[in-house]
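Before anything else, here's the structure in question.
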Amino acid sequence: AVPSIKIGVQVPITGAYADEGQGIEKAVKLLAEEQNAKGGLIGRKIEVKVCDDEGKASQAAICARQLVDDGVVAVIGSYTSGAALAAEPIYARAKVIQTSDGTSNKLIEKGYNTWFGNAPPNSAEAKFTAHYLVDVRHFKHIAVMTDHSSYATGLAAAVIKNVEADHGDIVDKSYINASAQNFTPILTKLKSMHPDVIYFSGYYSEGGLIRAQMVQLGMKATFVGGDANENVAFAKIAGSAAKGAIIINVPAPQDLPYPAAKRFLASYKAKYRELPPSIYTLTNADGMRAVMQAIEKTHGVKPTKIENYLHHMKEFDGLTGDFTWNRRGERIGTAFTAFEVQGNGSYRIVYPKPKAG
Amino acid sequence: MSLLDIADLRVNYGQIEALKGISLTVSKREIIAILGANGAGKTTLMRTISGLLLPRSGTIHFDGVGITKLGADRIVRRGIAQSPEGRRVFGTLTVLENLRLGGFTRPHGEIAGSLDFVMSMFPRLAERRGQFAGTLSGGEQQMLAIGRALMAKPRLLLLDEPSLGLAPIIVQAIFRSLRQIARTGVTVLLVEQNARMALKLADRGYVLEVGRIVLTGEADTLLGSSEIQTAYLGGERSDGASLLS
Amino acid sequence: MSALLELQGAGISFGGLHAVDDLSFAVEKGHIVALIGPNGAGKTTVFNMITGVYRPTKGKVCFQGQEITGWQPHAIARAGIMRTFQTIRLFPAMSVFENVRAGGHLRAQQYWWQGMLSLPAQRREETALAERTHEILCKLDLDRFANEPATSLPYGVQRRVELARTLAAEPKLVILDEPAAGLNDAESSALNRTIFGIRDSGITVLLVEHDMNVVMNVTDHIVVINFGRKIAEGNAAAIRSNPQVIEAYLGRDENEAENVT
Amino acid sequence: MGTFIQQVFNGLTVGGIYALIALGYTMVYGVMRLINFAHGDLCILGAFIGLTMLTSTAGSGHPGPALLLLAFVVAIVLVAAAGVVLELVAYRPLRKADRLAAVISALGASLLIENGIMLIWGPEVAVFPSGLLPRITWHAAGASISFVQVMIIVASIFLMAALYLFVNHTRFGTAIRAAAIDQDAARLMGINVNRVIAIVFVIGPTLGAVGGLFIGIYYREAYFTMGWTYGLYAFIAAILGGIGNIPGAMLGGVLLGLFNAFAAGYVSSSWQNAITFALLIAILLVRPTGLLGERVAEKV
Amino acid sequence: MDAKLKPLSQSVSIKGDTLFSRRIGLKGARRIAGGLWVLGLFVPALFDNAWISIAAIFAIYGIVALSEDIILGRAGMFDMGHAGYFGIGAYVTAILNVTFGWPIFATIPFAILVSAGVGALLAAPLIRLRGDYLLVATIGFNAIFVLAMRNNLGGITGGSGGITDIGVPFLFGFQLASQSAMFWLDWVVLGIVLVLMRNLDASEFGRTLRYLKQDELASTTLGVDSRMVKTLAFAIGAGLAGLAGTLFAVQISTVSPSSFVFTESVTLFAIVIVGGQGSIPGVLLGTALMFILPQIFRDFAQYRYLIFGFAMIAVMVLRPQGLWPQRSVRA
């Protein structure tokens, strides 16, 4: 029989980001199944190998070795930049394609050929964020909060740099510990500084709590969160306090106008009886789709050929919009939006102003 | 009528058989001395009667009722209290709390009276009533252990080497009180190394050897027996324990 | 000749309690000295002060003319004082052999890294240590228990093991806290001979004991304390007839058993 | 000033929760010398059970506080039952063994409960319904304190005091303390040690379930690994106060909460835990058995 | 009189077991252990890369667990922060190699010395603490260490993502890049550590640790300088853990705080107890169970820790002394 094509999934199946990891796993498996139902890829079945990196760098490195030892062609994941970073050199040395939603700029600094970010990098997000905070909303006093992850620290630093370049005033930069729950001490301190806005560059699990505790403490400042706050759990955790919070990211799944995206969401819902937790289920699905397309187009699983194809592909028709990859594996060609969380937990795009109709 | 009736009791520590078929009877108001060399199984016997060890076979009857399989706490409620080897006082509780615990099974109202009795028997305990038992001297702890057992107002009092570590004057006092206590209707089972004193006090005695009863009789007879004389009362030992000389 | 061990006005208090107060006495080299007194008189506390387990709050302790007040226990051991405990303290998960070998700790010269590298000098020393331990076990008639777990043995044997452990350190002074407790008369007579044997091998002995069979028959000198203070001092005959000692400690008659009935 | 007062309340709220959990640690430790590493997970089990009650009764038309009370009762009963079973299965067989064996058994139990929770309730964050309690917030001198916070602080003080009185001023309490020191000797006093231990394993988890549910109500979320984190902090609180000592656990919990608040609020939020731990170590160096721990010298 | 008195000398039973026969037993066990180690050398020839890397990880964690056992199993000090020392070694190697370009082998002495130094420095004041209080203090140390690494202490630890892309060791001009080569390196170091541990147990210092564990007061009155000995035990344990840290950094090629968190210390602690305190084969068996099984049973994904927790309880209840307890007298 012809050997199967092995695709790895390295994501947090357990831990704080379990729902995101499981969403990615589900998306990849769904795509593989659909493809196999069509007779597979270049005549070979796709076999998905999953490894739980728990969202931790250490476990990610172990996963990377395991998946490499399993003989995968490409790996989808991980969700967090930290886990993707730890695995990156291992995949690069083994010539395994890696596509992840990790947006930390560190991921592209090393210039590995095997790296393909399926979400736009932090540098772009930071530029947009600074513009939004300073030029659009005209916030006078900006407080920045971040956790210690590679992604959040990098994003916070980039936002601060861009805000300062735009002549905005950063009143404070504070660190929190991810996995903590009590942020009232730090918020109390910030409250006494009277910021107009608190920008949080970490993940939704803390973002939701921060937002809730701001309201509990009677803080009037606006909450603006980075892309990792986009997850259905944000609004659930923040509860009634979620209303009015702003999140900056590429458009959310429901806001994707493309037919392919609508189809994908429908079959996802049919199969798993729920919607994906965030847009990253779809960006990673795009990663998987791009890899499959490359294998198909190059008629094989030669890493160099696949890399080459992906780097030079013109306008990939993504579920999350058309994009291309530059030489460094950076995703190019997706616009950011700022959206506001509504009372029912849905999002409304507030900037750029949606064109009527 | 016999108060305590033990038949063919066998007790093991893992593979080691510590009691190899012990039978004995104790009548009401008797004072019984149990003698035996180190490791003979005296403590094992006491612990088994109290229910801290489960025998492998054999039976124990107290006042006609089988208590062989009863838990230690239920046995106390039936009227058997023990002052254990090694004293086992509650170190981080005060002397007073220790004594009160001795009366744990008794109605609240009766405790005060017993406290007075014990404190008059051991005035040192009254002086030290607020001190943590763990910081008492060895002898003071021994007094506390005996006093605590008395607090239960038992019908059968088990004393495992009560004279251990006590000054001669206290030992005399304790043995005098034991006689008094026995007169009030308490039966006493006494393990002692101080064989002479124990046999002077006791009505009858048993001699244990490697888990078996090897000798029993009236205390006076035992005191006069040559075996007891040589083995326990200071005669020469055959065993080569005369050392470094 | 000056005393081997000397206490000068030593005292310690716990909270408000003066457990030992202004106590002075001396132990001459080569003697067997007993410290006696009622329960709670402070005897064990005195031992604890001498061996550094407690730090005296008053006075001085001198050993071989050198002040050792407040030294750490291990330093005092190094100076040549070894002790046993009122409640036996053997290493519970070790055999008799291993327990006694532990006494030779101070005799071992090896450094930790020599041990880890198993250098020849270290191995030679190990053999010597094992041989010496066996000698002591034989001397105290413990050789047949050598491989028994120490704490499952009968009480009397455990006491002897503890004694052997102190002797393995080749001390100048051994301090014994109630060595005869739990022994019957026959056994305590045997203990008397052991104590003489220790003295004859050149080691000074200081002991606490309530067993008059031991105290009156082996000691060269007796110190009596009550409430932490010395109330009498002298040889056996003198102490036996001292009214204060009789009243506080011995009771009406030393051969007290007769008086019980 | 307002900021300071606010920080005190911030600390007290969390400290109260730590204290409730720490009391359970200290009780079990006191009697069995066992660090019950599964205690934190039992607490969070309480939170999840309570959550299930709340979501399944939501919309039944009964008033919020009544539903909340029901949730507390059910959580307490089930968690206490789990505690007793745990003792029976994982700890009782090890009573005579090296105490570390029981500690490892407790770690195993912790993993078991934690992952059991994950399998039942899923690995994602579970969110509590809002609006169960009056949304009252008091504002004074620039500080805000909510009804939930007051409830947590008051309840933990009340439960601690009740427990203290029970343990130190009742016969049964003395029995608990006696069993804590020497089980065989306690049995010789007529104390049913098995029952004492079973009751301790009812009291500890009961307080834990209350603490766990408070966490859920206060933060409005629960997830399966949370028990480990809270358990660790509560254990540290118990040690800080002197493990085995009831007011100590309370004091330790509150201090830990305050340290956390002040470290994050006045020094550095990113070094918050380091500062807290450094303070903890410093305190232990000065008082090696905790603030209120027993200091009975070993008598030889 | 119902029986005759027997001579007293029979009142104590004497077991036939002699020191000599025990020695044979011990030697036999050592031969088996040595044989297994030699067999291990053939792992790369017989298994695929997945298994070789599991074997390499086993060797590394085996060393850390053995070093924890010096402190916990032998000296009886509750060290629940051991992953910290392991981490120090790994970070020293990572920083020297990645930031300063040192060859891996040159970093080893520093990894050992820095960990040992921190171990000694911390232990010196902390060993006054007993039992659970020491346990919490060491947890505290571990937490502080992890936080310091997360906070990118001095700008050299790389924050929570840690340091990636650690190089491979060179030996006599050969690059030990393949998984088999790395495995042999780990395996040889494990062998050396095993010999050191065995020697330790047979030396006065090793015994002194056990005296302290069983009765500190009695030990000090026998002349044991407990402070010094305990500090030294911490230093040696920490130093060996640091050595393993180097190997870990090389094997995983990434160091990050999450590898050295308190939970890892708990696992190390558990290995020693599950395997058998003070027992070399026990600790290795414990390592195999606690670190390797979860790796092998990855396919059980969600159930694996549930099963694992259940197994921990079962092992302790059925074998409270550990799977392979130290050969000692049974009390």
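A, B, C, D and E are the chain letters, set down in written order, and residue numbers restart from 1 in every chain.
We adopt the following convention: a contact is a pair of C-beta atoms (placed from the backbone, for glycine too) under 8 Å apart; a residue touches a chain by one contact, two chains touch by 3 or more.
Just so we're clear, the structure is a prediction, and the values are computed from it rather than from any experiment.
Between the contact lists of chain A and chain E, the overlap consists of D.
Traced through touching neighbours, the fewest hops from chain B to chain D number 1.
For chain D, the chain with the farthest CA centroid is C.
More C-beta pairs touch across one of C-E and A-D than the other; that pair is C-E. Distance between chain A and chain B, defined via averaged C-alpha coordinates, is recorded as 76 Å. Chain A and chain C have centres, each the mean of its CA atoms, that are 74 Å apart. Work out the mean CA point of chain B and of chain C, and you get 28 Å between them. Between the Cα centres of chain C and chain D there is a gap of 48 Å.
Shown for chain E are the residues in touch with two or more other chains, namely 11-12, 147, 151, 217, 302.
Shared interface positions of chain A, defined as residues touching 2 or more other chains, are 13-14, 148, 175, 177.
In chain B, 37-39, 135-136, 231, 237, 239 are the positions where the chain touches two or more neighbouring chains simultaneously. The part of chain C that touches chain B in the complex is made up of residues 14, 37-44, 86-87, 139-141, 152-157, 160, 178, 181-190, 193-194, 196-198, 200-201, 210, 212-213, 248-252, 254, 256-261.
Chain C makes touch with chain E in their complex at residues 51-53, 72-74, 76-78, 82-83, 85, 89-95, 97-98, 101-103, 105-106, 108, 110-112, 114-118, 122, 125-126, 129, 144-154, 157, 165, 169. Remark: chain D residues 2-3, 6-7, 10-11, 13-14, 118, 122-125, 127, 130-131, 137, 139, 144, 146, 215, 219-221, 223, 225-226, 229, 260-266, 268-270, 272-273 touch chain A in the complex. The touching residues of chain B, when paired with chain D in their complex, are 50-52, 71-74, 76-77, 81-82, 84, 88-93, 97, 100-102, 104-105, 108, 132, 134-136, 148-149, 152. Interface residues of chain D facing chain E in the complex, by the touch rule stated above, are 29, 35, 89-90, 93-94, 97-98, 100-105, 107-116, 118-119, 123, 228, 232, 235-236, 239-240, 243, 270-271, 273-274, 277-278, 280-281, 284-285, 288-290, 298, 300.
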